[in-house]
Amino acid sequence: PDIPCETLSNASIARYSRQLILPEVGVKGQLALANASVLIVGAGGLGCPAALYLAAAGTGCLGLLDYDTVELSNLHRQVLHTEQRVSVPKSSSAAFGCNQLNSTVRCIPYHMQLDSQNALQLLRQYDVVLDCTDNVATRYLLNDACIMAKKPLISGSALRFEGQLTVYNYQDGPCYRCLYPTPPPPETVTNCSDGGVLGVIPGIIGCLQALEAVKVICSLGNTYSQRLLLFDGLEGTFRTIKLRPRQQSCVVCGDNPSVTKLIDYEQFCGSRANDKEHSLELL
Amino acid sequence: PDIPCETLSNASIARYSRQLILPEVGVKGQLALANASVLIVGAGGLGCPAALYLAAAGTGCLGLLDYDTVELSNLHRQVLHTEQRVSVPKSSSAAFGCNQLNSTVRCIPYHMQLDSQNALQLLRQYDVVLDCTDNVATRYLLNDACIMAKKPLISGSALRFEGQLTVYNYQDGPCYRCLYPTPPPPETVTNCSDGGVLGVIPGIIGCLQALEAVKVICSLGNTYSQRLLLFDGLEGTFRTIKLRPRQQSCVVCGDNPSVTKLIDYEQFCGSRANDKEHSLELL
Amino acid sequence: MELVVSLEFSGGAELLFDKVKNHEVSLPARANGPWTIKHLLVWIKDNLLKERPELFVQGDTVRPGILVLINDADWELMGELNYELKSKDRIVFISTLHGG
Amino acid sequence: MELVVSLEFSGGAELLFDKVKNHEVSLPARANGPWTIKHLLVWIKDNLLKERPELFVQGDTVRPGILVLINDADWELMGELNYELKSKDRIVFISTLHGG
């Protein structure tokens, strides 16, 4: 939104009354939400619940990026889509679903692949970025782009019965590269198509990503910056890990960064940025 | 469902492929889900995400009970409803939303208040019950009815930035009365209307309720029976508490129960089973 | 000798303690015997509670709807009112939530 | 003297260890100096790893994409390979997840 919203309409006061009466949110927090823009990269298992709850909370603008279209096998976890919207781009399906819940949110669908050419220009238009992607190459790309565009990155991931959550590049916490300077060998990486995932696991992590976004936007403190949440759904355990601070030696967020432009992340990781590529090439 | 489903259709295999390949679920677990019926009491902040993810996972039958209709002020947390369905009974709005995601789930809306007259007969038709209600009287009613009908009760609650989760009456764990033999003084009870709630908090707890239901249905073990999860969204902490076992002295689930029929829970608790009563009486 | 324990209030119980959830407290030595949860409740009522004690204690125990945890276990497993406090114990008072 | 520590594998790393997530292990006394994480990695490779060690170790450290935790803290805060193991330490090896 270009012109900041400075007062809440009566309709907004009625609609958000249950969270307005929280002293930690209040009118100030609700206005911060109304003036905030959040880019959700990936409208899949993580992106769906994150988008739903950020739309519900009254986020001013939601960017919804996904290169893919809705398939029936997505619906066991991607709950913002519907049977009727199978074959529709996930970005527009998600935007449609969010607007049904809250028509006052400006939802912008991006039916495209994030890459080194388009990432920076796009990210600069948003305040907060959610990593709801499903592959290593895009995770490195998004990390580096968030450093360069100075945006906090709320990162979630899920596989089988497990989920992980953290916040990168926020309040002197580390970035993805501070933790993982070298990409994993491609043969050690398992995606949800191959490894499977119980649908509600990304549901839980995506909700937690929405909560972290609200906390960043409303300056509520105690985010998962420099902390990592490990959730094991099979054992029913949550563990919070204290992480290293930002690393001065980090090649992208360190004191003397050597990576100052986006690179070729598929080459860097030795893996594709999507697992749909070969089927698209067949068409 | 009356006739148990013994094989998965090709459509089901395609649809649930990502959870079918989990060895802990597999065809056996997916069939258990297809043959399971879950009653969700309350289609509000907890019930919406729980219903969504149980529908997505392929639960055979979902009962959705709520006496209330959708209001605009619900939509900041009750994400299965839409602006267009404001004024529609929540039970049918939730059933509609679940069926848009998964038309193979048999959704049964109950637009009514659960009470001592109708509870037992209803609960007996279901395998698992989710407590997604918002008041003390209904929580005691649901607990006692689950003991009498021998059903596991998956209980969630949320207020402000906090949430709680546990499983009652399952595998020799305690029931609600084992923990709380006496109801709290009415003046100490705060509901979401008065105390407020950040929408995504019941989102997280409702998702966890759906996960517990899947674990009970698929016999995956390690449920929150005899454990209590305390989630503090403001501090970003999860704490798991070891609870007492079933109490032999419990008046409802103990060795010599004195409560063997459902009682008047509004009188027992000194509070109403809904906070809508007086406005309804005005009509 | 003083006994240092940490007290935590949550689920709304912290509203009775100036909204402060975590309290590190030093309990003075007791002449006659060890500190128990029963003594602790009296001490909290006299020293920490800001207002309306009936919303926290009833008689010599906590009011219905508050669950007491001793080092992450339900106090029923630990002896309830008679549990003897040790240095660095973490005692949590949770008000049960009912909202949805 | 033997050193008892607990090892945990998660995020998929447990698949290299017969899908067992929790291992309580007794490490034999070392003649020359204390046990460090560096020694532990060699011991795991020789004693616990069932197959394909290259999916767990690379050179003398863990392969990229595995995070090591020492008692719930990132090993970077604890000295990484040179951390000296103490009795009852809990060392966790997490494989990072990338799915969504």
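In this document, chain identifiers A, B, C and D correspond to the written order of the chains, with residue numbering beginning at 1 in each.
Here is the rule we use: a contact is a pair of C-beta atoms (placed from the backbone, for glycine too) under 8 Å apart; a residue touches a chain by one contact, two chains touch by 3 or more.
In UniProt terms the chains read C, D = Ubiquitin-related modifier 1 homolog.
Please read all numbers here as calculations on a predicted model, not as lab measurements.
Fewest steps needed to get from chain A to chain C, stepping only to touching chains, is 2. If each chain is reduced to the centroid of its CA atoms, chain A and chain D end up 31 Å from each other. Rounded to whole angstrom units, the spacing between the C-alpha centres of chain B and chain D is 40. Averaged Cα coordinates give chain A a centre that lies 28 Å from the centre of chain B. The set of chain A residues that touch two or more partner chains comprises 160, 192, 195, 197, 235, 240. Multi-chain contact residues of chain C (touching two or more other chains): none found. Interface note: chains touch in the pairs A-B, A-D, B-C. Within the complex formed with chain C, the chain B residues making contact are 42, 44-47, 132-136, 139, 156-160, 162-164, 179-185, 187-192, 195, 197, 202, 228, 230, 232, 235, 239-244. Interface residues of chain B, counted against chain A in their complex, comprise 11, 14-22, 24-25, 49, 52-53, 56-58, 72-73, 75-77, 79, 81-84, 100-103, 160-161, 192-201, 203-204, 207-208, 210-211, 214-215, 220, 222-224, 227, 229, 233-238, 240.
Interface of chain D with chain A (complex): residues 10-12, 21, 54-55, 63-67, 69, 72-74, 76-77, 94-100.
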